[in-house]
Each structure stands twice: as structure tokens, then as C-alpha cells.
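Think of it as A, B, C and D in the order they're written, each chain with its own count starting at 1.
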């Protein structure tokens, strides 16, 4: 079979002052009709650059240095712009990562899709409308008639991504390039979209270049896989080959870092006699977004009758889809939010109604690690101050607090020299360590980690998870681990709580919940995990251990 | 337009009226803080005056009453949309302002439309030639106009176009005494309008051009522009159908804010070009301590600002489906 | 050349008058326009000699206490009603007594006004009043129609908006902020007059725009003071541009520096004299007034009757000023200088004087105000040095004494004895001079007053101002009386 | 400082910066070159530029040295611009910070208050304030400040609204820091860049405003400023173009330089515009 697309010795130069000279270096591979080729690699490895080069959408400052991209016998790089335009959106189309921003907010769905026909065909208005409707039906939008008339902001993320797909497939292109199309979506939505892409690809025989950093997704849909690192292609091969017998050490490392889906056996301590470090009873929180003049107020029950106990030395997972209320619960617990009703007992004392002053002593006992390693550190403060400011605010002398900060840095495995540096001088993983050190500065008993690893690359995730685990044991912490990635939950949590629409639908020991989910929602959730089959039966590799 | 929108507009109007009301009170006291009073000014112009004359005038104007009473009278009249009498011209303030308002609206309206149209056009040209010489040329020109004092431009324009070249009338709104009617009159007014509208508009053209340029450049980096390009659209089409519409949103907001403010900003232009508008009226009223008139002008121009802001909001809502006129 | 009829005259009026009802509003711009609509009984030629207008003749008794006026018989108001002696009695005795504060003071000397018949009016004075015959000019004593105003509230009478007079031009339209339009009065009582068809008074608030308007031919007449002095040489240098300083004889504007005599250091005569020596008035005249005007020697203008030629001069002499200051032991207390907010020239003048004073060691703080604030501060005596210029109205009793007699020290007006100078001798001399008879006796008394005042320097006399009127040479006979452009343009005509 | 380094890579901004530094030097040291005041009448009036080497830019209506006026004026124009901006910041920043940080009715009340100042046409308000409190350097500065703070308040409020739920702010709250500390130490430093950019542009606007007020005759009569010079020269523009030309150019250049620097700062501080990827 002849490839539909051939990338030959492609090098893309980065502007001066970038972290490396080439975004993509001497890249060669082919894409065959009807196959799904996954391009994986960590952030910044040049995945998007390749895709953009194919589409001719490279930023002005970035130039193709050498090489060719052959499509239909023509080199896309040297092709004159007008001819290339005829191919774009017609023979080759693309969908992007952020469904929220990839659609023009000022145009109706119908017009945005219709535009493709307008540019590349001479269908009449009626025909365009009919085709658009058909497409929307194809991608499984509920009530496509109505969907035609709405604006993007009136659709959910998954729905928008469906619109994008409809747009991309409008003219039955030979190639579809999908740049991380599911990264911003929920597991269940992700599963649906992946399914949709696969189905449409089969139906139309489209060749798909699928960019992702998630090996689960690769396992789910790939025919062949390209692995990239720092602009180099380090490995290429069939899915089975790459996933199960990786050759290159980098690939091995990446794959090893993916936690298996099955929960390891854990010793279940009997807590009967112990008193919980944190006890939540019937917590309720409702958001009321104020209505305007004659606009009905919108109420969201983000937490309804949430109860659980958390003991020292255990990790309790809080899982559920986006919007299920996980963050709400964790923020109520640390009193960043005021709950409506229920009790929060910290070491036996009720803290839910304490005011700013009375709360101060309890602040030391419960601390939080945040999600975004970039947003959670004040860019204008040195790492030392970031860690020490909490104790200083509580009355600890500055010198003492700084000494303690130094110790903490050692604890989270950062060099002491970090003390006087600013957050932007650190990588994401290192920053998250600083965040943890800050949380530990007060010697808390309870640590709440809200999606503390979601923003990190897989390999870094593993390190942070390990750190938290070590610290937990060393300091006998009670950890509330909020996470949406079930693979992670399965690995690190002793017990899990599953939330849906603000309610707890299932709770229990991790292994029990994963192996025998009781609630249909939990079952559904687990089934949606991409690549669920891959590595689930595998012997669990210890977290973070290099393969 | 939905009922909700109507309610929204109603609500905004009520809020606006409240603001205006506070402004009226604030201005009332502000103006009374000035030394001198209208009677003195008028007596002063007479070149001779005694206490009797002053007292007569004050009585006539109601200035002999205690301040709180004057405020009460003013506010209770205002609530009935009566702004009182001017001291000098002895006519209802409202009538006088309405006499002058059309001139100002004509001037600022023309300047506004011109500057917005031209500014957006130039801004788009600059943005689509980002980092090329034409972009630099436009940016420099816009900056120079932005940095040059308005009155200076006005003076230079008069020198050049009226005195040396003799192409355009230097002042006034129409040829006095020519008694043109119909089309001739329109042409006559248009001729008079060119210089003041140009000087007033140039600054704002620069403002809009700069703003449009920045906004266009920023928007052209948005994901949906990439989507549009990925559809295989020509750059022109991408610019006009996708980038421009989104890039115009902040320009619309700014323009709305400035449309109202322009009325106050026209004082300079109206003075240099002897344009019989309310900017000049305000300036004169201030120095004549014509309290009622000054308050009236302030009230009306603030009302214009409120009105323009509301109109902007409505336009914004029409352009941007994400905004709902409900909060 | 022979006058030709017809044509439109375009004049600048600055600022826009508050009203055209000259009986109530006696300021300059009002008179400039309304002087064409209303008339007084007499007008004055450039030597201040009375000429007939609504009165065709007049005579006084031997002792100067009874004045009889014979009115013209063919005069009608603009609305067609005849003008009679009843109108005169109403205007002077009722209307103006109530509304015109300047005339009211002079009318104190009048015992009664009677009309023996329709065309005769008799003024009976309590005692002889020197300047009496100088009171009949339009701005001072305009005739207003009795049939319209009698029994109404004069200030709010709607007719104030549509003035009705007897003058050569009829009010037509007032576009507020733009122009005032008057048209020829077909039934004017002087045969063959007026020559012009119509007059436009243009309101152009900016001085530079006014001169452009003149240059571009939109305006024919720039009355004195309507353009900046700096522009005068340029404008008069234009082709077909004429200029005259005439037409200010009646007013003879006299500029001086108010010196607040109440406060140290101005309370010291030597300080005030030092100021006189410190000021370079010649420079100011040349740099600021383009050489127009004449340096004022004392309180009375050289154009006014009773001016004393032999007064001593205060020449520019900083050394002398310093000596005087030393002599008085001036301690360097800074004084406040409040410029007159009447345009650039006055602002510059203040800057020049500030510099003059600083050179002899008097430090000044400038106080900026606008017209209202300036009025207020002067009337409250809250100033050290300031400016003013006042009209002389052809007679010291009308225009001079008011600034120096101690009776006139009263807060609340910027037009009286604001400097707070009180000298019994001066009071007495002024008082006698006003009612002395005949003129030779008055002259003697005024001479004494002038000597005394110049010695005391209650105010710092600056300049006898001249406001040259600039006009297109095609306009003829523009100024034919002592009040110039403030009088009617009845005899003016335009070369076609 | 990295901002300076970034600025120095932007040629246009660097040019603006150099001009600005030069102006500041003139403003600080220039007056020492003249022993006497700029009001001194040194020669005959209306002397054109270059006629006398001592008076390079000629003399004005009263024979005063135009160059001396320009040099002294630089000080005043820059000072009025700077101080009024400073005052505007002192009003706008705390107000915006309080409104944005606390939200709720405090925000509502403060924003209504701001709205009042935004609704009155600002130039007109400035005129009235100066006229009423009588033209002096103080009243002019205050009037300019009073009409220019609302945008600052809005900007700061917006920034605070956006930042107050940033995770590092939440962390500070969890740490038990006081509201004052959070506002001053955590949030405010992170809003500085847009504030600096806005301030640099406000200085420019303030200089223009001052000159516009002077043009209308509302300048401080005690002080030689560029605005005064144009205002005074406006009536003689036909006789002596140089009198309004040079101060006009001085204003334009200053404002231009400030704008260039402001824009440069904006580009350097705002990653969205710098053409580089955010990270």
C-alpha cells in the first residue's frame, strides 16, 4: 500500500533563544490509508509542530529547515500557498485540543461548518444546510436541528469537540490530524469521542494522525505508534510492539510510568479503636449564582450529605468526573469555602463555623497541595519565603522559619540552594515539591491534595506520587487525595470515595471498588478508562520504578 | 428583543438615573465652591454696579435663599425634568442646551464615525501587515497623532487649510447670513464641519487604530483563527470573517465609553473653531457662574455618557452571543 | 465719495451679550448691538460736544438747574407707535431709576422730570451738576417704550428678547452662540438713513478665530479689543485694512494697578511710589499694546475735560524705587499680584510687572482667578495688587471720583474705591468740583485733586488705553461719535 | 533587571527610554544652567530662533528666552504628569484592590462610586475643578488625578478579581495570613506590570491634559510650563510660529517617548503580546 502522507527528513528550526535549535529534527515516517497513527511524547517534544507543518500552520517565526512532506505526490512544504489552501480542510483536516477556544464564539455552529462547503465546494445554501445537519447527526449530537442554530458557548466541551470533528470530516478528507483532541475532556466523554473517531475513521477509511501523550489512549485506538522526545523520533512501530516491547529507554520509561489499572493488594488496618484525624458529617454545599433582573438564580448542589472519616497514615481517594463536587468538598474541609450545613471535625473539634481568628490554630493541622504547579506559587516570592511565610504569619521567628524551610526542601528532595530562587526557575515537578514543602511547613496531620499531579507529565507524576507516599509514611499523615485519573487512584489510595453530582455513590477499599464496582456510575467510569485492557492484567510495576 | 432584555435596559436606565442624580448633587456643591456668583459677573460686565443692583439680580435668580433650599428647589425641579433658567440668557436651560446640542452631536458624531471607521480600517491594515514597513508607518503615524496636543493640531489645520490654502472655512457651523436651504445648506455645513471633525477625529482615529491593531494581533493568535486557517480559508476571509469580528469587541467597548466622553472633550475643538456646541456653552457658563446652565450641561452630557454606555452594552450583546443582558 | 445705500455689515461682538435690553444690561457688548436699536436723547461728537438725536434742541437756565429738551416729532418705535415725552419721563424717572445703577447715582441730583407737552421734557435739578449734559448717550440713558414696559416686571418682560427701540436698525434674529441679526429701519426718523441694509454681529469666542475671520473677509469690523493686540499690526498691514483709535473719547478707558492701601507694605506711600518708579510702562505700552495708548500721568485721562498738563511724571527708575524702599525699611514681605482675567494682554502685563517688581526687590505671588473670582476678591478687598481699567464717561464727576472718594469705600463691588484710599481733602475737592459752576471753577478744583492724588499714589496709573478698531476700508463713516462702535451704524455705508 | 533587558531588545522602546532619560536629566539639571528665572525679559520681544547664539530658540512676546522656558517647563510638565499619576494610583489602586479582593457589596458600592467619576465627562470635570479651586500647580495636579483614577481602579479590580482565586492566594489564606498581607504581599506585586504600563501611559495623558488646561487659560501663572507657553503663544501664532512650535514639539516628543516606553513595557511584561509562548 502507498502511504497517503510521507514525512521525509523533516527539520523545523526554532527561533533563536529557544531551549533547543530544532523543534523537530530529521523526522521521517509515513501514514497509510485507513490507519490510526498515534504520535506520543512528553510536552514540548514537537508533536504539534509536526502536525502544524503538515497543515501549513506553522507560526511565522518558525521555519521548516529541510525535508519534505509528500501528500498526493506533492511536497506540501514547497507547494504554493493557494494550492495548499485547496487541500486544507478539504483533503487534510485537523482538530485541536481545546474545544472551548477552537470554535469562533461569534458564529453559529451551522455557519462554521457550512463555511467548509462554502470554501471548497459549490453547494447551494440549502444543500449546505442539509449536509451540515447530516454531519451533526453523524457525530451523534443530540437534537442536531437545534444544535445547528446554537453558538459554541451553549455546548458542552464534548459537544464542541463533536462539532469540530463534524467540521473536519465534512468533505471526507484523506487525512485527519487530531492534536490531543480528548485531553481537555472527562473520561466518559473521552471514551465517547475516541469511539466516535474510530468509528468514523473506519466508515470513511480516513487516515488519522492522532497526537496524544496518554498511553491509555494509544492502547485504545492506535494501529501504529511514533514516540518522540525533544524533537527526535525515538521509536516507531505497531501498537503491540511499542506498548509491550518498547525498545528505546525513553519509551520504556514512559510506559513504566503509566500506572496499571488494577489496585495492588494492601494491608487493611483495622481502625475500629482509632479516632479519625478528620471526620466529615453530612456536609452540604449549594452554589447559588445570583439571578439578574428577572433572571432565575442558578443553583448547583455541589456537595450533598457528604460524610466520611479519614485516619492518620491512610490515603483516601476522592474520585469522580469533572463537576462532581470533589474540589468543593476539599475546599470546604480546609475552610476555603464555607459549607452550608454539616460538620467538619478536625482532631475531634468542629471547625466549620470558626471565624478567621479562631481558625488560626487549626490551619496548622490541615493543609493543602494544589493542582497547578504554576499558579500555586507566587511568582514574585522566593521559594524560601513561599515556604516560610505561613509559619511566620503564625508567629514563628523569621530565622527559625527559614531554617525549617531548609529542612523541608531536603525532605522534598530539593537542593538547599533553591531557597533564594524564584518559582519560574523550576520545572513543574520541582514546583510541585515546593508546594508540598509549603503544605508541610506547619507539620499538619491532614494533607488535602486536589489534583496535585494532573498537570504534570506522566514520568513526573510518578515521582510526585512516590514522594507523597513516602512523606505520608514518614510523617504519619492522613491524606485526602482528590483525583480524576482512576489509574492513579487505584495505585495510591487505600480507600476511595466515588462522587457524582455532589453525592457519594460508592465508598470502600480501593481493590474492592475497582474489582467489583457496585454502582452503575462507578462501573461506567471504570469502563471508560482508555486502554483499560492494556496492563490491567499485567503484574503491577511498583510506582516510579524504572523498568 | 426579549422581555428580559427590556427589563435589563429599564434597570440600567434606573441605575443610570441614580448615578446622574448623585452627580447633580455633587456638581451642585462643587460649583458653589467657586468664588463669585453670577450676579457679580454680570455686574462686573456692566462696568459699574452697586449693592442694590446685585441684590436685585440675586433675588431674581433665587440666590438669596439658603443653600440647602436652593438645592431642594433644584433637585425637585430636576425630578420634573426642569433644569431652571439661565441667568444670562434668561431662557430655560433645557431649551438653550437643546439649541446647542445638535451642533455638538453633529461634530462629535461625525468625528466619531470617521475616526472609528478610519481607525479600524487602518488598524486592520497594520495588523495584517504585522512587522512590515506599512505596519511600522501606521503605528508611528498613529502614535504621533496620539501624542500631539489636539489644540495644536487645530491651530495648524486652520493655518494651513483656511489661511494659506483658503480651501475651508476656519470657524463657525455655517456661512452666516447666506441663508442657504436644502442641499446647499448641507454642503455649507459639511464644509464647516471638515476641519473641526478632522482635528477632533484624528486623535481618536489614532486611538482606535492602535487598539484595533493590538486586538487584531492578539485575536489572530486565538485557536479559532487556527481552525479557520485549517479549513483552507484565504487570509482575507479569515481576517474579516473571524479575526476582525472578535477583535472588534474590545474596540466597541472603548468606543462606547469614548463616545460619551467626546462630548466633554469637544470643548477645545469647539473653542478654536467657534463651533456653537455645548462644550463651549459649558466653558462660558463656568466663567459666568451660570450655575443652572453649567449644571444642566453637566447633567445632559453625563446623561449622554449613560446612554452611550447602555447602547454599547446593547450593541455588544447583539454582536457577542455569549453576553446576556441580564445582569 | 457719496454714500451709497445697501449692503451687509459683518461685525464681531465679544463676548456674546447676555441680553439686548440696554436699559437693564449696560455692559459693552449689549450696547454695541443694542446701540443700533435703542437711542438716547443726544449723542456726542469726538470732542464730547452734545449733538441732537431724539432731542432736536435743548437749553438750560442761567444757573444750570433747569434743562429743557425739545423732542423730534416724527419719531416712531419699531412697532409703529409714536415716541413722545411720556416715553422719556417713563424711561428716565421710572425704568432707569430702577434698573440702571450708574445713572441712578447721577439722578440723585435731579429733582423732577416733567413733560409739559408731547414733545417737551423738563429736568429740574436740585443744584447745578457739572456733567449733567453728558448723561444723555444711548448706553447711559436709553429710551425704552413706555407702552410695552409700564406696569410690568422689567427684568422678565418677554419683550426683552425682541427689543423695540427707535434706532436705525430693527432687531431681527438672535441665533444664540452664533450671530445677532438686525435689519434696516425703513421708518427711521433721520432722512436718508441708515445706508446699510442689515448688520450681523458674529459671536466668535476665540481671538485667533476672530482675526482669521477678518482676514478671510467674513468680518468687516473688529471693534477695539476683539483681537489680541499682537495681531493688530499684522491685520492693519493687510490690504484694504483700515484702523482707527477714534470712538473711545467718551469712555476714555483708564488702566491702573489697584494697590490695597489697607495692608502693609502697600499702606506706606513710599512703597506705592516705589511701585510707580519700578514699572516700565513704556515697555508695556510698546510690547503689549503695540504702542497704542498713552502713559497715564494721574487719575484723569488726558482726553477728558479738566486734565492737568503740569502733573509730575513717574518715570521708569528702578534705582529710585529701591531708594524709596530702603527709606521706608521694606522688609521684603512678598505681595500678591492678581492679574485681570480679561485676556492674554493683561496676563502678560502682570508677568511684566511681576518681573519689574522683582528687579527692585519686591517679590510677588501670582494669584490666578477667573472673572468671577476676580470680582469677588476685589469686592472683598482680598488682594494686594491687581489691575483694572475704568471708563471716564467724559467727566471726572462721573468716571473718576468714584474710585477715590471715601464714601465709596464699601465691600461688595469691584468698581468703587476698592483700594481703600481715604483723604478728607480729596473727598471735599471732588464734592465741590461736581457741583461747581461754571467749568473754570471746576477745572481749578480738579487740578488740586490731581496734584494730591499723584503725590499719594492710591492706585498705580498705567495707561490711557486705546482700543483701535480695525475695519475693511470699503466701510465708510463707521465711527462718527465719541462712543464709536457702541453707537448706531446709522451713517455708515459700504462702497459697492 | 530582566524588564530592562527585555526593553533594551525592543529598539523602539529603547529609543523612547533614551529620550525619556534625556528629558528627565534636563528636568533635573537643566535649570541650573540658567542663573535667572525663565520670566526674565532678556532681549527684544519676538526674536526669531537662531538669530542670536545666546537665544537659540528666540524670544517670546515679552522678550523672554524660549529655550529657558522649555528647560524649566520640562521639570513642571514631568512633575505634574508624575505626581498626578501617583495620586491617581494612590486613589485607584487601594480602591480597586479593596473592591476586587472583597467583592460583594463592598465591590458594588466602590464601583458605583467609580462610575460617578466615569460618567461625568472627564475633561469638563477637570476644567471645572481647576477653575473653581483657582489655577495653580496643585489644583491642576489634583484635577488631573481626580479624573484619571477610575481606569486604574477598574484595572486593579479586574486583576484582583482574577488573582484572588489563584491557588497561591488560596495557599496564603490557608497559611492563616491576614487579608492585608494577602492584598499587599501576595496579590499586589503580581498586578504591578499592568499598573506600571498603565501608569506610564497616564503620565503621557496627564502632560497632555495639563497643556490643554493651560491652553484654555487655566495654567498656573507662577510657573513656566510647556502648556503655558503654548497657551500664551497661541494668540501670536501667526507672528511667531516658534513660540508654540517648540513647546508643542516638546510635548509631542515627551508623550511619544512615554508611549513608546509604555508599549515596550507592555510587550515585555505581557506574554500574550510578546509573540513567545506562555509558560
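General remarks:
One rule holds in what follows: a contact is a pair of C-beta atoms (placed from the backbone, for glycine too) under 8 Å apart; a residue touches a chain by one contact, two chains touch by 3 or more.
Only a predicted model underlies this, so the values are computations on that prediction, with no experimental measurement involved.
Touching chain A and chain D at once are the following chains: B.
With centres taken as mean Cα positions, chain D sits 46 Å from chain C. Rounded to a whole number, the gap between the C-alpha centres of chain A and chain B is 50 angstrom.
As a whole-number value, the distance joining the C-alpha centres of chain A and chain C reads 88 Å.
Chain centres here are Cα averages; for chain B and chain D they lie 23 Å apart. Within chain B, residues 34-35, 155, 163, 271, 286-287 each touch two or more of the remaining chains.
Residue positions 208, 369-370, 373 of chain C are each in touch with at least two other chains. Under the contact definition stated at the top, not a single residue of chain A touches 2 or more other chains. Contacts between chains, counted with the stated touch criterion, involve the pairs A-B, A-D, B-C, B-D, C-D. Chain A makes touch with chain D in their complex at residues 61, 334, 336, 359-360, 363-364, 367-368, 370-372, 375-381, 386, 389-390, 393-394, 435, 438, 442. Taken in their complex, chain D has these residues touching chain C: 37, 39-41, 45, 61-63, 131, 134-136, 217, 219-222, 232, 234-239. The touching residues of chain C, when paired with chain B in their complex, are 8, 10, 15-16, 18-19, 25-29, 101-102, 104-105, 155-156, 160-161, 175-179, 181, 198, 200, 202-206, 208-209, 212-213, 215-216, 218, 369-377, 379, 390-391, 402, 410, 412-416.
Those residues of chain B that touch chain A in the complex are listed here as 3-4, 7-8, 10-11, 222-224, 226-234, 237, 241-242, 245-246, 319-322, 324, 326-327. For chain D in complex with chain B, the touching residues are 112, 115-116, 118-125, 127-129, 131-134, 204, 208, 211-212, 215-216, 230, 234, 237-238, 244, 248, 251-253, 255-256, 259-260, 272-273.
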